[in-house]
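Two complexes come next, and they have one chain in common, chain A, joined by chain B in the first and chain C in the second.
This part shows the complex of A and B:
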C-alpha cells in the first residue's frame, strides 16, 4: 500500500515535469531545425533537405562576421581580463588589509550596481562616454561593462583570497618580499581557479549584453554580435531569416558551452544568481 | 582577529583601480543625473554646451495630471510596468520556480536534470536570441504556438498585436524562472529531512506539511527572491527586443520609456528625470532588501 502510493506520486511528478520541460522547449524549437533548412520560414518544420547554405549566408555577411569574430571577441575578452585583474587586486587589498565593515561594504556595492542599472544609468553613462570622446569605441563599451560587473566580481574573488592561508605570505615577508611580490607571486597564482570563474562569468555577460553596445556604438562594422543580430531582425523590418537562423547558433553555442564547462568543473552553484 | 598582511594605505592602493571604476560608472552617474534632470540639456545645439537650469520643470511635465495616464506618458508606462512586474516576476517566476523546486525536492533523475538544464539554458542564452525565438514562436501565421492551437481547433490570434502585455509577461516568466528555481531548490535542500519524517510519523497531510513546515522555513528565501526579481524585472530592457515598446505604447515599460525619451529622441533633461525616478524606486527596493537581510533569523534553525 505504502509503496503504491509512492509510485503514484512519482508518476504525477514525472508527468508535470515533462509538461514543464515541453513548455520550456517549445519557444526554442525553431532553432533546432531552421538553421539547416533550405526553405526556412518562421514555422517549425523538419527540413525536407538538410543544408549548410544558411551558414554560408551568415559567413558571407561582413557585419555578421566582424561582429562575432572581431568585435564580440574584443569586447568579451577585454571585459573578462579587465574585470578579473581589477577584481583580484581589489579583493586582495580588502582581504589582507582587514578593512573594517567589508561585508556590508561589498553587499551595498552589489546592491548599488542593481540600482544604477539599465536604461536609467545609460543616460549619464552615455554623456560621460561622450564627453570622454569614447563614443563609437570598443574601449568605451569595455570600461562601462567592467564598471557594472566589478562589485559582484570583487564579492566572489574575496572568498577565494580568504581561502589562501596567510602563512605563505608571512613566510615570504620574512625573506623580504614586498606587497606587490606577495600578490603577484603567491596569491595571484593560487586564486587562478577563482579568477577563471569570474572571468568567464564576465565574458558570458559581456557576450550577451545588448544595451551598452547598442547605445555606445554607431559604426555597423564596430558592433558586436548581439547588436548585429538585432539589426538583422529589427521588429520594424523584415527579418533576414536564413541569416538569423544560422547566426543565432554560431553566436549562442560558445557561451552556453563555456557556461556548462565552468559549471561542470567548478560549479557556478550560486554565482549565476548575479547574472545582470 | 587576524593580523593584517598589508598596511591600510597599501590595501587601499590595491583596491584603488576598482574604486575609480565604481566611482566613474556607478556613483558619478547616480549623482550627475540628478543635476542633469534639472536642466534642459540636449545632445546638440545651444543647450548641449550650456544647458539652462530649469528646476523641477521636467518633473512637473512628467506628472502633468491631464496627460499623465495617456499612452506614451509616465503614468501609463508605470502602470504597464507594475502589471509586468506582478505578472511575470511575483506570480510567474516566483510561482513557477517554487513549483519546480518543490516538485523535485529530494528527487533525482532524468526529468529533473532535463527541466533544470532547460530552465538554465533559456536563462543564460543571449537576449537577442531568445527575443527572436519568441518573435517566431508568436508569429500569427507560421508560429509554433498558433500551429499547436490550430491543431487543437482553438483560435489563432496575433499575440503581439492583440495581447502584447500578456505576451511579454509570459516571455519574461519563461526567461527568468531559473533564478527562483535555483534559489528555492537550494533553500529546500537545507531543510533537514528529519522534519518531514517527523511530520509523516504524526500523520500530517501534504497541505499541513506545506503550511506548517515548508513555508515558514522558506519565508526568508521567498522574501529575498521576491525583492531581487522585482528589482531586476523592473529594470529589464529585453522586452524591447520583442515588441519595441509597441504596439501603440502598450508594452512601453519604464525602461523603454526612459530609452525612448533620453536616448532615442535625446530629450536628455526629461529622460534624466524619468531615470531619477526609476533609480529612486530601485533604491527603495534595495533598501528593503538590506533591511530584510539584517532582520533575518538564523538560517539554520537550531534544534
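This part shows the complex of A and C:
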C-alpha cells in the first residue's frame, strides 16, 4: 500500500477534533472519579485517598433511596410498559387500517411529541391531572409521560409493523389463529426489536425527567431519583458535590445495565424490516 | 367437502380480478386452475380462503354459506405463492403451527410434522430457520405446513413452481396420493399444464377473471371450447388459421395465403355449423398435421422453417403465409425434408371457431 501524506488541513482537523473530544470527556472522567474521592472539588482528579464513604452517606437518606429504588422504578417501568403496549396497538391499527392521509397523520404525530410534555403545557397538564384527582400519585406522572412519548413511539413502531408482510398474518389466520393468538405468535415477535427500542427510550426519558414529577408530586417520599437529588442541596441551594456525585453514579447504573441486558438478549434495531 | 362459488365478483379499482365466477366442486375433487399471469387465480383462492371480501356472490363450503366468515372459521389450508413462512420460527414450528393453534399436543405435533417432512424430503432441515433454506426447500415447507392438518379444503397456489423436475414429480405424486387417501377437496393453481393434466379431475381455464372452460383434462385438450383455450392448452398449442368456408361446395379458403382445400366426402359434417362465407378460425392440433411431398385435396403449402428433435418426437415448424404452424411427428430420427412441403390436415380432428371465438358445434 502506498503511504499517504497528511496534508496540513488534515492535521489541523485532527488537532481540533482531539481538543473537542477532551472537552467532552472531562465531565465523564469527573463523574467516574469524584464519588470515590474523599475531598472532591469541581476539577478532575484521580482520588488520592480512595473511599466509599460518599455512597454510605447517600444510602442513608430515605428520600434518595426510596426515590431511586422504588419511585423511579415504578415511574420508569410503568412508562416503559405503557408506552410500548399502547404504541404497538396504535401503530398496528394505523399500519393495517390503510388510513387515508396517513402520511400527514404521522407527521403531525411527530410535531405533537415535542408539544405535549413541553414546559409550555405544564399548567394545562397540572390542571388536567388535578381535576382527575391524580395529583401526588405515580399514575398521574406515568400517564403524562406516556402521553408525551407516545407520538414519537407510535411513529417508530409503525415502521416495524409495515415491515411485517401481511401474508404472514394471513397464513396464521388460515391456520386458525384468532386476532390475539395471531398478535402473540406472529406480529409481536416480529416487531419486538422496535418495541424494545421504544420501551428503553421511554424508560430513559421517564428516568431522567425532572419537571413532570417535580410539579405533580408533593410527598418527598414519592418523588423519583431525578427529583430526589434535591436532598443533597442545603437550604441555600448549594449542592454537596460529593453526595451528588455518588448519587449520580447510582442513578445511572440501572439504565446502563438494562440497556446492556436488552441489547445482549434481544438486540436493538432502529428501523423495520425482517430478515427472511 | 363440497365447495361452491356462486357468481363471485371482485374488483381492485378498475381491474376486475374475478368476474362472475361460478364453480361447483364435488367432495374430494381435485381442481386445477390454469391461466395466464394476472388472470385472477390467486384472487380466487384468496376469496375461498376468506382473505378477500367479495363485491358480489357467495362462497359455500360443505353446504354452509361462509361468505361472511373469517378465514379461521373456514377450516382451510393454503400454500401461498410467496410461501409466507414465519421467519422467527424453526421449520418444525412453522409446519406445526396449524396444529399448535388447534391445541394438538407437542408430542403429537412433532410426530406428524416429522412424517410430512419426510414425505417432502425436508426431514433433515427441521431445526433451521426459513432464511437458511433454498427457494425450493422453503416451498416444500410451505406445502408441508398446509397439509399437516387435514382441513376441509386445500388451496395450493403454484406450490411446486420452484422445484427441479425430479423433486417436482415426487412432490406431485405425494400430493396426489395424500389427496386421494384423505379425500380432501383441492384447488390447485399452476402454470404447468402437464401438472394440471396429471393431477386434476377437472381443469378450470381462466382469462381476465373469467372462466373460459371447465372440463376434464382430456375434454379440455380434445375439445377446446374457444380459441383462447385452444391457444393456451397444449405444448405447442393448437394451430389456428383464419378462413372462410363455402359449405355448399365444401371448399375452405384461407385468408393467410391463396390456398384452397376441397373437403373429403366423409368429413363434411365438421363444417355443418359454419355459415357460408363467414370469417371463422380453423383449429388443428400439431399431431394431426402430416407432411407430404405432393399436394392433394386436403393439403396446404408450407415453407420449412425449423426442425426440433425433442427426443421421441419431432417438432416441425413451417411457414404458411405469415403464420408459423407446428407439426408433431412421432418418430426418433430427424427427417430429411425439402424446403417446400405440403401440410395435410386431418379433418377428423379439425374444429371451427366463430367470429366470437366460440367453438361452432
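The definition used in the following text is that the second predicted complex is superposed on the first by the 215 of 276 C-alpha atoms of A that agree within 3 Å, B and C clash if a C-alpha of one lies under 4 Å from a C-alpha of the other, contacts with A are read in each partner's own complex, and residues count from 1 in each chain.
As a convention for this text, contacts are C-beta pairs under 8 Å (C-beta built on N, C-alpha and C of every residue); 3 or more make two chains touch, one makes a residue touch a chain.
The shown structure was predicted, so the numbers you read here are calculated from the model rather than taken from an experiment.
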### Message
Touch test for A:101: chain B only (first), chain C only (second), both, or neither?
### Response
neither
### Query
Which holds for A:133: it touches chain B only (first), chain C only (second), both, or neither?
neither
### Task
Please indicate which partner A:165 is in contact with in the superposed arrangement: first for chain B, second for chain C, both, or neither.
second
### Message
Quick check for you: in the superposed arrangement, does A:181 touch first (chain B), second (chain C), both or neither?
### Response
second
### Query
After lining up the shared chain so the two structures overlap, which partner does A:173 touch, if you call chain B first and chain C second: first, second, both or neither?
both
#### Entry: First, second, both or neither for A:189, with chain B first and chain C second
second
#### Entry: chain C versus chain B, contacts on chain A by residue
B
### Task
Under the contact definition given at the top, report the residues of chain A touching chain B in one complex and chain C in the other.
170, 173, 275
### Query
Inside the complex, what are the residues of chain C that reach chain A?
49-51, 70-72, 74-78, 80, 82, 84-88, 97-98, 101-102, 130-131, 145, 149
### Query
Across the complex, what residues on chain B touch chain A?
1-8, 10-15, 17-19, 21-22, 24-30, 32-33, 36, 43, 96, 99-100, 103-104, 107, 111-112, 114-115, 118-130, 132-137, 139, 141-145, 147-148, 174, 178-179, 182-183, 186, 228, 231-232, 235-238, 241-244, 255-256, 258-259, 262-263, 268, 271-272, 274-276, 278-279, 282-283, 286, 289-290, 293
### Query
For the complex, which residues does chain A have touching chain C?
165, 167-168, 170-178, 181, 185-186, 189-190, 274-276
## Note on the structure
Per the touch rule above, chain A residues touching chain B in the complex are 13-14, 16-18, 20-21, 23-31, 34, 41-44, 86-87, 89-90, 92-94, 96-99, 107-109, 111-128, 130, 143-144, 146-148, 150-151, 154, 166, 169-170, 173, 179, 182-183, 204, 207-211, 215, 225-226, 229-230, 233, 235-236, 239, 244, 248, 251-252, 255-256, 259, 269-270, 272-273, 275
